[in-house]
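There's a structure below that I have some questions on.
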Amino acid sequence: MYNLKNDYSNGCHPSILKRLIDTNDTSQEGYGVDEYSKEAKQLLMAKVGNPKAKVFFASGGTQANLLVIAALLKSHEAVISVKTGHISCHEAGAIESIGHKIITVDSEDGKLKPSSIEEALKRHDLSPHVVKPKMIYISNATELGTFYTRKELRQLSQFCKVHELFVFMDGARLGNALRAKGNDLSMNDISTWTDVFSIGGTKNGGLLGEAIIFNQAGLAVDFDILLKQKGALLSKSRVFGVQFLELFKDDLYFSLAEKANHMAIKLAKALQNEIGCPFLMEPTTNQIFPILPNEWVRILEQNQRFHVWKTLDDQYSAVRMMTSWNTQDGEIDLLIKELKEYNNDNE
Amino acid sequence: MYNLKNDYSNGCHPSILKRLIDTNDTSQEGYGVDEYSKEAKQLLMAKVGNPKAKVFFASGGTQANLLVIAALLKSHEAVISVKTGHISCHEAGAIESIGHKIITVDSEDGKLKPSSIEEALKRHDLSPHVVKPKMIYISNATELGTFYTRKELRQLSQFCKVHELFVFMDGARLGNALRAKGNDLSMNDISTWTDVFSIGGTKNGGLLGEAIIFNQAGLAVDFDILLKQKGALLSKSRVFGVQFLELFKDDLYFSLAEKANHMAIKLAKALQNEIGCPFLMEPTTNQIFPILPNEWVRILEQNQRFHVWKTLDDQYSAVRMMTSWNTQDGEIDLLIKELKEYNNDNE
Amino acid sequence: MYNLKNDYSNGCHPSILKRLIDTNDTSQEGYGVDEYSKEAKQLLMAKVGNPKAKVFFASGGTQANLLVIAALLKSHEAVISVKTGHISCHEAGAIESIGHKIITVDSEDGKLKPSSIEEALKRHDLSPHVVKPKMIYISNATELGTFYTRKELRQLSQFCKVHELFVFMDGARLGNALRAKGNDLSMNDISTWTDVFSIGGTKNGGLLGEAIIFNQAGLAVDFDILLKQKGALLSKSRVFGVQFLELFKDDLYFSLAEKANHMAIKLAKALQNEIGCPFLMEPTTNQIFPILPNEWVRILEQNQRFHVWKTLDDQYSAVRMMTSWNTQDGEIDLLIKELKEYNNDNE
Amino acid sequence: MYNLKNDYSNGCHPSILKRLIDTNDTSQEGYGVDEYSKEAKQLLMAKVGNPKAKVFFASGGTQANLLVIAALLKSHEAVISVKTGHISCHEAGAIESIGHKIITVDSEDGKLKPSSIEEALKRHDLSPHVVKPKMIYISNATELGTFYTRKELRQLSQFCKVHELFVFMDGARLGNALRAKGNDLSMNDISTWTDVFSIGGTKNGGLLGEAIIFNQAGLAVDFDILLKQKGALLSKSRVFGVQFLELFKDDLYFSLAEKANHMAIKLAKALQNEIGCPFLMEPTTNQIFPILPNEWVRILEQNQRFHVWKTLDDQYSAVRMMTSWNTQDGEIDLLIKELKEYNNDNE
């Protein structure tokens, strides 16, 4: 049984475990000010190329998202997201739980556009009867596996500046976006055009952990108290420091993302070229959404783990297949072989 | 420089790292239902001797506390704690942040007594102008290093039953309590006389992680959604499972706690017998509170890490010295030697 | 200038002010237990025909809605509403502010249907990654001026019982619904098929005040503490008691609603019959939504107060015209005359 | 039976009801921008002598308090109050319910002093493990009937400026404070030395309503949205405007407060001079705390309504007797007569 259901089924990259062992016996301060965390923060600031940035660590994506939103929004302020945005769909009401409305807009490709934000602002012009939109939330890569180009992010950023909206990029799969074919966005661009963004460690080689990067120090004042208050500050914070040191030393983070993307694209190309399979979304990162006959889906489910994204009709469904840094060539080859057999049987 | 400031300065017990490596390549479901977590939960249920218990994991003590309180209290309900209780003093307003008042009462020894609860209930009889007390929060061991006996816990439990109050025991240092000299409380007793309790992994051999044990399944309904909502559910939840499996296999957890206690008591005895040092609180677990001349404190601070708990007067302060499972005999011996020298100089 | 913008522009029914004067000098307990409030609660229980009901008062609709939802939902639970529902659109994030997600579904006519709830439940089957739907919110009359029939409410109720969802009816304009032509729903039906509902006083003759009626006493436990906590409990609670006594004595409440409806229907019929004006929604209560040429709208706005609901295209818009218990025949006649003139000019 | 239990048992000053009738038929905008509210706000700004002030209205004291604190504090920030402060004791957890910890300090006379604030700040220097104190809450008059002098308020204000703490004065009984014998504080002083304060209408002639005055416009940005979100914005906001217009026209507000104080002092003097009764607190405003034999208390309770504040010992209790603007000379005279009889019996 191979696994294309998600990118967190296995443990972490072995070099992280090795470093945890190597550093295990040193005595460190806790709660975020251990030496490894400090060093990792410096390293990330250098990668981002923004000496004014402030870096923090959280355990997971939902935690990072709720912390950032709690830090930047006042009670009456709201965040704009596409409907498929992670905060809107898959965080069990985490954002509402800290008091904020998520204003959702439609999007075909999972990306937020200035025109949609504008429409959301218009829907919220009846003050004081409506919340005040004050932030946009975007994911890169998105929940549909797509990514933002430089031009797109710059335009979003400019639009938001004019309308006094914070730009928050959820980078749970940032490596996959930045290593996608066609990507022209750099870490420094992101630091320039967002107010705050996260870098997901858990789904790209880490054991647990997301880095949160505020691009202006002023936005991060007292953020450590908020971390503590929301239960996010680990006493043995070295766990985060060690991981991010290892992931960003020699850009391991990016080479792992590249490998995950490579596996997904290899699978996508085989599906397209050898089976003529259409896709819900152009495949670019480690999440691809082939459209398969429902009959195949039923058979595949018996020895594959993947997610049925959307039943299109009686005949077809879009499925989500997700690769990770430790997806093996053999797994992909076997799957392609199996699908080709179905295809031959059908013809 | 030796460290008696806290019990989380070092990494974790080596066997945990070893097991993380051994299990790293297996593919697992995430978000709490990996095999290791399932197995660890079974193991904890067996240790507790309560087949109706429901077990969950969280990253740290503050997170565990806020989750339990969010799960059991309604908006208008409050929790009673001693003033030195962790939720009251050192969680950056985590409990208030989720909407609940903490009703505090005085306590000399860090333990909550029925008489104090009764007084708190009386102070809150002016409904609807006051919150409704609905839970007591106790720590075992307490923040003052003391522990609850069977009789004390049973009496608290009976009192709370009559007054319809939930009993929640924060076990961030439960191992130290249960291995203290004079303790007669078992895991099963705790499961019988509390509604919910936690078992701290982080401060007793773990890397991160607390187990939360609801002693009636009915109290834990949908608790996994709450974990997700508050950012506590790890995608690679195996991290928790592996740790608790290792800690509770062969009772490593308790032998580590015993060692920490042993080191503290060794230090305490030397202070009492060889220097005649008084204590703020009778030393019983891994936190001791010797009363030292302020002058010694100033000198000691130069090559020791510890916490000045309370300045008593111009002459004396109570300090908190804390040992852990990996405190070394040599550290304690050196400290005793140093203090004896001060003492000789003074005489 | 006449006013068809809303139904709260004027003061209250004169008999309420008279009774406030008559009762002004009596000395009363406060915070909800004055004699007038007690008597009004008895009167409402009798009108509802449910001796198990528990009645409370709040100042306004948003307050009533947030209180009910805070009382019945746990942290991880959510409420389902149509997109045009008041809690979703026009309460400035009140529900999210107390921690709950509103799951919205589409509806042409402002009414929630079992099929939409079913679809919402399906969208939320990925526990623990999603909130748990636990309540439906419906308005009667709806924000589009429509109302629920007996059959519709019974079916909703039955569906919700099966799926363990609370049924909450916002009756800010309940009088208008219950006095609409074609209505077959009684107060007792509502008490039978909802768990909790409100009766709006402010918009139907009152000065301020909504009654909240829990149809099972068990749901209302400690609700008075919640009222206090959310700032809703008035010390001079007699203000509410006096109003509801006056409104429900001799069914003044219903005769006022009938008058408001009558004015709206008179206007609607003239628009349909004499001008051939289409409507966004069949006019039935005191809110009607005629579709007018944009040119007329621009002229009308100069001496009329009303709300442009939706710009349909370059030519036409749907406007919302709202009558109240003190809308005068003369106002409606003048408006009809004016619109007929536009119509003649156009032909 | 006379009533000295509270100052809200009767209705409102007759001139308010008269004005409600006079203005009842005018058509007004709602939700805070009716003409009466606008005019009342102008009037209050003039009384306060601060053209930069921003004025809002809320229904009651708890609502006003929670709104102000929600507006000014961030998630991790806390408010300092004396233990007897209304937000700490008698608001059913309203402040915690919106997420903020109340840091309490002891005070004999109900007044907060710089030394107590300093001690609270010291207790909260262990960032990030503790909330950040960011506001002080004071009541004037206090819950013990005492009041702040110019010197005291100026010193508090200066201390808070240095420590970057907001100063919030709860003026639920502001009239009584400003008309107390010995008071030298003016409305303008309050506007100068606080960041925000409230003026209670309900307990001093009004039906319901508190004015909230922000002394710098910058602190009040979007406060109307917050009012709406917390359920505090009335659609018929004219109710507030009319009341405050009437109360502050010709300083009715202050003459009513003076009368309430006069009645309390008359009673206090009789108790002191004719019975030799001691007081828990020097009587200065409309709340007095005579110390009476428990036996008298038991008899008095049969035909008097008052509050037993504190049982001092087997023999004596301090009771709270409260007068209002419509307490009658006759009531006070009868009470004095009754107490003198007890006294004679005892001698």
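Letters A, B, C and D name the chains as they come in the text, with residue numbers starting at 1 for each one.
The rule we apply is simple: contacts are C-beta pairs under 8 Å (C-beta built on N, C-alpha and C of every residue); 3 or more make two chains touch, one makes a residue touch a chain.
These numbers come from a predicted model, not from an experiment.
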| item | value |
| --- | --- |
| If a chain touches chain B and chain D alike, it appears here | A, C |
| Farthest chain (mean CA position) relative to chain A | D |
| Pair sharing more residue contacts (C-beta pairs) when C-D is set against B-C | C-D |
| Fitted rotation between chain A and its twin chain B in degrees, CA, nearest 5 | 180 |
| Mean-CA-position distance for chain D and chain C (Å) | 35 |
| Between chain B and chain C, centroid-to-centroid distance (C-alpha), Å | 51 |
| Contacts with 2+ other chains: residues of chain B | 75-76, 91-93, 97-99, 128-131, 225-226, 228-229, 233 |
| In the complex with chain C, residue positions of chain D that touch it | 3, 6, 8-12, 14, 17, 20-21, 23-30, 58-60, 62-67, 91-94, 97, 202-203, 207-208, 225-226, 228-236, 238-239 |
| Residue ranges of chain A in contact with chain D within the complex | 31-32, 70-71, 74-76, 98-99, 127-132, 222, 224-229, 233 |
| In the complex, chain B residues that touch chain D | 75-76, 78, 89-93, 96-101, 126, 128-131 |
